[in-house]
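The structure under discussion appears below in the form of structure tokens.
The letters A, B, C and D name the chains in turn, as written, and every chain counts its residues from 1.
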Amino acid sequence: MAGHLIDESAKGVFIIAATPFDLEGKLDLASLDRLVGFYIEAGVHGITILGMMGEAQKLTFDEQKRVIDRVLKQVAGEIPVVVGVSAPGLAALGALADEAMSEGAAGVMIAPPPGLSTDEQIEGYVRQAVDSVGYDVPVVLQDYPQATGVHLSVPLFNQLVDALPQIKVLKHEDCPGLTKISRIRKTAARDGKRRIAILVGNGGLYFPLELARSADGAMTGFAFPELLVEVYARFNDGDVDEAFDLFDDYLPLIRYEQQPGIGLAIRKQILYRRGIIACPTLRAPGPKLDQDDLAELDLLLRRVRERGGAATQW
Amino acid sequence: MAGHLIDESAKGVFIIAATPFDLEGKLDLASLDRLVGFYIEAGVHGITILGMMGEAQKLTFDEQKRVIDRVLKQVAGEIPVVVGVSAPGLAALGALADEAMSEGAAGVMIAPPPGLSTDEQIEGYVRQAVDSVGYDVPVVLQDYPQATGVHLSVPLFNQLVDALPQIKVLKHEDCPGLTKISRIRKTAARDGKRRIAILVGNGGLYFPLELARSADGAMTGFAFPELLVEVYARFNDGDVDEAFDLFDDYLPLIRYEQQPGIGLAIRKQILYRRGIIACPTLRAPGPKLDQDDLAELDLLLRRVRERGGAATQW
Amino acid sequence: MAGHLIDESAKGVFIIAATPFDLEGKLDLASLDRLVGFYIEAGVHGITILGMMGEAQKLTFDEQKRVIDRVLKQVAGEIPVVVGVSAPGLAALGALADEAMSEGAAGVMIAPPPGLSTDEQIEGYVRQAVDSVGYDVPVVLQDYPQATGVHLSVPLFNQLVDALPQIKVLKHEDCPGLTKISRIRKTAARDGKRRIAILVGNGGLYFPLELARSADGAMTGFAFPELLVEVYARFNDGDVDEAFDLFDDYLPLIRYEQQPGIGLAIRKQILYRRGIIACPTLRAPGPKLDQDDLAELDLLLRRVRERGGAATQW
Amino acid sequence: MAGHLIDESAKGVFIIAATPFDLEGKLDLASLDRLVGFYIEAGVHGITILGMMGEAQKLTFDEQKRVIDRVLKQVAGEIPVVVGVSAPGLAALGALADEAMSEGAAGVMIAPPPGLSTDEQIEGYVRQAVDSVGYDVPVVLQDYPQATGVHLSVPLFNQLVDALPQIKVLKHEDCPGLTKISRIRKTAARDGKRRIAILVGNGGLYFPLELARSADGAMTGFAFPELLVEVYARFNDGDVDEAFDLFDDYLPLIRYEQQPGIGLAIRKQILYRRGIIACPTLRAPGPKLDQDDLAELDLLLRRVRERGGAATQW
């Protein structure tokens, strides 16, 4: 299995998987199968499950294990699967990481929890958390201050990279964050540090700009993963302006899906309209779209279809 | 069992139970037994388990069930047991409430989670949460903005009391909060509303003042529950100045235990020194006391013993 | 002057004016003159000065008076000028409002300050603040929770509209906020309330969607005000798809300028490149753009020019 | 005047001065005179004006200058006066510092403002702010995360001490904060750093414990400054238990005055009852005490008088 572990060379589009539920809020594993198949068909380079946008915190430990088991069986090693293991207690975090890795995950994702304020507190937590998952488990460090209130500075990130070889990937979604990418690259080059993979989030809102800043890809959950894949491919082929053109056609929708609080409901609604998941609902408590929202989404989808390319032929 | 359910007449000292762990962080049920025995012997009028100070969020669902089962068996109906059921998802919240009530709990406690800002959002959440536990389950509504960031105004609380007959008790720990108690009482009297039981928290830092404001008791976790019980008894007997005198002797320690962030570590250390729990540690991640802290605690305990009464004869 | 006061019929684009400083951080009134001239030439329907994006909090009272005086003299009643008067103390707020109105302002803008949590607290503050400016002064209520931490619910807003006839305009920048606009319109229509003007912020990130939700215009500060004016005009003429098309061409730039923390530095840099202000710097402490940022902005401006229309011919 | 500048040997009780207003909210300079006289008579070792508890942010620049002028004239060099100069813009901060120092202040106090998250951001701000006041001006760095949301770690504080010789005093009010004092002392001793004066805040809630942790005194605003002076004196004379005894007699009142949000209203009410200020009100917007609050304060004051010593003979 070691060959499947992610490392600093991770790149491309790691899609953040939604977790489908039925109308009663139960796990819908058939939809999960379709969703995973859809992601693979879209050409993603990896899948991340049980992230915040996978409503991981609303699943019991048993449900989390069922999701891990189901996704890993279906992916069957074709592409790497990263498992979010954030939990209030480190024992639970470690147990979930064990479960994930024993099922064949390529690594785990950890977000420092709310309540950490100083660099010293964040460093202390990340060290403990990384210890909890074991020394041979690749770690994706999630930097998402809008959700966690935890702010990771470049000097602190560099310290963590030096101290903790398990950290392989930065899931970058600080905002503003473009300069942060450049600073990480420059300080690492200047000081001869490991070059960590940077995969960007924020629904891809700044994706081609971030690639130009030398990010290695995206780890996010836009409902048109084929668009992210295509932008990444064109950018990597050197067709930078084409990558931007393609991206800009979808930007009205990306911006719409990236609205805080309601974004996941929009994303699931699109996945539902595309016939991938059987039911667009989130687990309670969660936002719901109303008729005005749905009409608005119709408008935006129509406009993207009229302006955009192959990715919207559904 | 219906006779054991709490209602608006709840009063006295409902102690918030710590959850004991062994050195490896595993549940220590033998210590839990001793702790429950100690609380009962101290004369508490009720016990609340799986609150924030019970590190509930660091327990798995299975561990939570084991704690519920163990405590309810030992208490055996002698005094009411309230079970904290807060959880990120309402399904989990409801499942834990079912478990608790089927084992003989007297009610459940719910704290609105972080992220609710407006009165409308808070009202929406509390309605959903109360629905999730079922119409015949008494609810303690926890008002603890310092921990949750959720602020419950008096007009909103009154609305909730009118709309949701299951709400029987307000666990009050807003700060400043003395005027809030008076306003709740006055508006309820003026408008002929139900008189809800108010049990105060904040480690008891304002306990006799709150009793004078017509609170009905405390629901908090000071490591000398016998002191809270005695203050309550004297106050209720009309010996108000004696109640204050007794309380003031312990105030240096109450203030010390009430420090945010480190308070539970101090509380568990005292329970450990008193021979009640076998190990004073919190589950990781959590604060630890150092030698200076322990010496400081020695000083404070010595001083309380020298100034104080019967409660410190351990 | 009464004819110049704004009321519930306010509409169109009220540009939030930047405040130009020279390299030493001193007020640059010559640049301010050019900026006001530029805004008027761009066809804006109103100007708002001394908002957060005008760095009002970094100006002394004397400087604020000089800005008011200068802008109002130059505008000379051609279009309405709204003056931001938010201040920690209500006396200062009232004094600034007096100054503004006596100079010929069309109204004042007030944002509830950080620290207000419940509906009751917000209502109490807004009532006091509106009282402080006097009963005949039109008020723009700014709803900007990302900056203030104050969340204004629709029921509370409706209450304020009923209670305070001075409130004429909602500067709407809650996010997500599309549904909020619809709810305000629907509840007002259902209950026969006054129809308040809604002007949207957030740098215009959702502008045509908000117009479709029945917003009346924008009050925001994008560095291409002519684009906002043109989108508004086409939308109002019924050319909805054209309005969207035009907007979408600029969306990559709007999204870029709307980055929190650094957005104003980008905006001022664009105004500087367009030859309008003599110096792009903010008052300290404030963010600065580096070479990578400037190159990135070049790219985005070039792309907008290549795709876009008349507004970028500078 | 150089002899009056504070340095690392600062110690004792620096009282945070309230700013008295009349019923209309105007500066009441006669009351300010009495207040300063009272503080000096109480034996304080220094006075700090224009702090948060002096409602500095609600004063105009002119009013701030008047307060500085009045207090410094009256104190006439008898004891050092520190002036709070925090302001949203660094130019204003620098101008206020110039004003203060030219009038004979002994130093200035700076609190990093809300919005600074990482160690790097805080360091950047403090360096800029200290630069703004000039290289020969002694600086008190205020560490008050409950009010500012800015968290200063011990490693960062040590870095600042090394980098900025102007920092002479830490106004310490982090909470929990006892261990922080010990860590600062230990790391400074271990690494041969400058020993900075530490004066504690939080209304004195942990004062003797902090002295035992090697704080050098208090910089806070309890309405019985003579108590703080006496506790400090006894502690310094080696009468540690007496210092604690005296403190504990006042602790019920200290705890009461230290309630967030309403504390300053209580403090001013006590100063008013003691005949020192003519009017107990705060500038709007601000909390007001009601009849229940006043009766409660009566009770607490009576109890302190009955239990306490000389300081309450007013």
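Simple rule for what comes next: a contact is a pair of C-beta atoms (placed from the backbone, for glycine too) under 8 Å apart; a residue touches a chain by one contact, two chains touch by 3 or more.
Just so we're clear, the structure is a prediction, and the values are computed from it rather than from any experiment.
Participant: Which chain's mean C-alpha position is the greatest distance from chain B's?
Facilitator: Centre of mass proxy via C-alpha means gives C as farthest from chain B.
Participant: If you average the CA atoms of chain A and of chain B, how many Å lie between those two points?
Facilitator: 38
Participant: Quick check: how many Å separate the C-alpha centres of chain A and chain D?
Facilitator: 47
Participant: Express in whole angstrom the distance between the two chain centres, defined as the mean CA positions of chain A and chain C.
Facilitator: Between these chains, centre-to-centre, one finds 34 Å.
Participant: What are the residues of chain A that contact at least two other chains?
Facilitator: none
Participant: Based on which chains are in contact, what kind of graph results: line, ring, star, complete or other?
Facilitator: complete
Participant: Mind pulling up the chain D residues that touch chain B in the complex?
Facilitator: Interface residues on the chain D side: 175-176, 178-179, 182, 205-206, 209, 212-213, 241, 244, 248, 251-252, 255-256, 259-262, 290, 292-293, 296, 299, 303, 307.
Participant: Which of the residues in chain D end up touching chain A in this complex?
Facilitator: 117-121, 145, 151-156
Participant: Using the touch rule from the top, collect the residues of chain D that touch chain C in their complex.
Facilitator: On the chain D side, the touching residues are 25, 55, 57-62, 88-92, 114, 124-125, 128-129, 132, 283-285.
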